[in-house]
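Okay, handing you the structure first.
Which chain is which? They are A, B and C, in the order written, and residues in each are numbered from 1.
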Amino acid sequence: MSLLDSEAVETYERSITAPPADNLVLEARNLDFFYGKKQTLFGVDLPVEKNKITALIGPSGCGKSTLLRTLNRIYELYPGQQATGRIILDGQDVLADKAGIARLRARDGDAVEVTPNKMDLATLRARVGMVFQKPTPFPMSIYDNIAFGVRLYKRIRGAEMDEIVERALRRAALWDEVKDKLKESGLGLSGGQQQRLCVARGLAIDPEVLLLDEPASALDPISTAKLEDTLNELVGNVTIVIVTHNLHQAARLAQHTGFMFLGRMIEFGPTEEFFSAPKLKRTRDYVTGRFG
Amino acid sequence: MHNPAIGGRAPLGEDIFRWLCLSAATLLLAILAGVVVSLAIGGWPAFAKFGLGFLTSSTWNPVSDIYGAAGPIVGTLVTSFLSLAIALPLAIGVAVFLTEFAPARIARPIAVAIELLAGIPSIVYGMWGLFVFAPWFAENVQQPLANSVTPGSLMDTLTQGIPNGANIFTASIILAIMILPYMAAVFRELLLTVPAQVREAGYGIGCTSFEVTARISIPYVRTGVLGVIMLGLGRALGETMAVTFIIGNAHGFPKSLFDSGSTIASTIANEFAEASSDMHSAALIALGLVLFFITFGVLALARLLLARSMR
Amino acid sequence: MTRMTARARRRSIINTIFVTACGLTAVIALGALALIGWSLLTKGIGGINGDLFTMSQPAPGSRGGLLNAITGSVILCLLAMVFAVVIGVLAGTWLSEYGGRTKLGHVVRFLNDVLLSAPSILIGLFVYELLVRNVVGHFSALAGSVALAILAVPIVTRTTEDILLLQPAALREAGMALGATRAFVVRKIVWRSAATGLLTAGLLGFARISGETAPLLFTSLGNQFFSVKLLQPIASLPTTIFQFALSAYDDWQRLAWAGALLIAASVLAINIAGRAIIHGKSS
């Protein structure tokens, strides 16, 4: 049987070792995703433990970024993309709007129990933030970059806003480098600094979960190291889900790791066990570099 | 933390903004529709009175209130196609020269100069045509030709006309000079999109520059070339000021290349403000409608050809 | 030493002819343009003096300048650009951010191109019917601006769409990932990011319409006196040049050349400024 035998994936073995249910802040259950008619996620489960870092790894095209982008429904910017399943954020089902419930019932039968949820997208994105692969500073000053998100939700000015901006920049380990040039444009920073600016921007609105989509792939090794240090510092305060193609990065940062392949969550569990003693052959083949 | 009405999260603001943008886009459509409708309404009396004969008759007589569009239509078509025929090889030649042969140090400034010149308003060309080119042409081309050509020959028929330099041919030349910079600039940009590897592959198997250009580069950008030709033609068809000064403004059928003529645009420009009667105005507006359809037809054809050749 | 076959020799000859021909076309084209530039300079420079900018158009034989025409042109073009930028940027934004991929979007884009290439004199006729025959009742600066605006809108729309489409998708996503609405993200982030390009588009649009004559012939008409009234006819450089050039008076013709030089120079200056802005941003 070839390693990449996709028929075998249909009847794939799975192994999900989830953290204790009480500690979960976000959970995806039996999630399907469609680009138009093409299905790209198949029954994915993802349990995310509170205040820990969860990493998603897998070869190119396995669906890890797609999965990440369902968690804050950012895919809805593009028509024709749809998710069916459950995404529970603190007890509320994020996908349970009218259309989502209809799709869920169509797939799983009418008996499925789901409470309709009126959470609007903006609120969801306030609670689940995102940092993208390419640093995307807004065309404004560093200060305004951070304040932008906060101003969406609160009417604050002056000293109070200054505090929030400083706190966010400190959490992103950027304060010392930019404290004297807050009024300068965010575009003038280096790539690594820009990315930490985006992290600070995401943190400023106090999200419950921060999603990071290959945040270091556009950075040099030194900036990457600084970013990883930043993320490590955040453990215990913020829940983080990070997609990475760098296995070592996952091993360094994450407490939990999920391995995805061809749109399916193959194995999920505590990182230590994951890399030292993976439960499935396919996982073992990937982490030892036999394919990828 | 989660008040939906603050800052940029008001759903109402989103709808208003989107509606504003949509309105602006549809306003464009409304304007175009308005142009066609107003031309049709204004020109209707002329079509009603003269029928389709309006398009074929070359009588244009404000005194007796009888109008026929054939003269201006023929003038428009002849000058436009002639100017295109003159400008096209020149534009391609310049573009090829700048991309293939000229060393980078002089190619860049020349290219910039040409792009800048593409913005010079047509009235400048018109004035130059009237005051400099026409007299020169009359003295150095028309008169010698008139003196040396054999009466009754083909050459004679082609070059009949008052030797004042104000005729179809000179107007076409001015028009050609006018559309030349724009076409050259775009052709150059098109040629620059041909990947270096493709051209190098041609040279690599021993092609001459001519062969690389004619057989590789130009076919590579064939669809763009077609589009530019159409755009140039469209511009020539609608051009007013460059032509009005120098075409001679006679309404009948031009009988030779060096005969005075008129285009639709020049006729409207010259006569509309002092139209002698309602029917005169209507005839002029009807001319405008004809011009619109000619231009629209050319543009639609261009789109069609481009769409088809992209498949 | 290899001997060339007859075939190779023929190819070589064709090539030489081709190269020479290309060089020749460049010489002809540039020569013609240089000739025009030279005439413009020599005939126009004589008329450039203080009077040109301080006095309004004269009766034939007396002193005067083009002040009324220059002022008129500036007013007409500025007002037109205000209309054109508002409508054009919104329409271009709709095409790039909202409906560009729908059927309606394709129709709008096509018809935008049609309007872009429509003969400007027909636009003048349309505005004549709309604003001169009706609404206002007589020739007016307003009508002239509207005509110029209609000419400029398709340019601004096209350029806006192109520039906005160049902004990275991640920028929009980053804004919306924070919870902002699309409209807010477009206004506060995307437009800001594209600001330089949009400004240049406005500049270039201004340059383009500043030389247009035909649409003004039946809308703003012209005015021998200095005027800034929007509801009255107003002079403009192109129409004044047109009138003076076709007249029989020497001094009027001199003024016409001076005016032509003025227009050509300003259009060049604006285009150069536009390029400088774009290059300044990217470096």
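Throughout what follows, contacts are C-beta pairs under 8 Å (C-beta built on N, C-alpha and C of every residue); 3 or more make two chains touch, one makes a residue touch a chain.
Computed from a predicted model, the values in this text were never measured in an experiment.
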Dominant interface by contact count, named by its two chains: B-C
Central chain (by mean CA position): C
Chain centre separation (subunit B, subunit C; CA means) in Å: 16
Where subunit A and subunit B are represented by their mean Cα positions, the distance between them in whole Å: 56
Centroid distance [mean C-alpha coordinates] between subunit C and subunit A, Å: 49
Contacts with 2+ other chains: residues of subunit B: 7-9, 11
Residues of subunit A whose C-beta touches two or more other chains: 122-123, 126, 152-153, 205
Touching two or more other chains - residue numbers and ranges from subunit C: 179-182, 184, 188
Subunit C-touching residues of subunit A, taken from the complex the two chains share: 72, 74, 77, 121-126, 129-130, 132-134, 136, 138-140, 148-149, 152-153, 198, 201-202, 205
Residues on subunit C engaged by subunit B in the complex (per definition of touch): 11-12, 14-15, 18-19, 21-26, 28-30, 32-33, 35-36, 39-40, 43, 86-88, 90-91, 93-95, 97-99, 104, 107-108, 110-115, 117-123, 125-126, 129-130, 150, 153-154, 157, 179-188, 204, 207-208, 210-214, 217-218, 221, 238, 241-242, 245-246, 253, 256-257, 260, 263-264, 267-268, 271-272, 275
Subunit C contact footprint on subunit B (complex, rising order): 7-11, 13-14, 16-18, 20-29, 31-32, 34-35, 38-39, 41-42, 89-94, 96-98, 100-102, 110, 112-117, 119-128, 130-132, 177, 180-181, 184, 208-211, 213-214, 231, 234-235, 237-241, 245, 265, 268-269, 272-273, 285, 288, 291-292, 295-296, 299, 303
Subunit A contact footprint on subunit C (complex, rising order): 168, 170-182, 184, 188-189, 192-193, 195
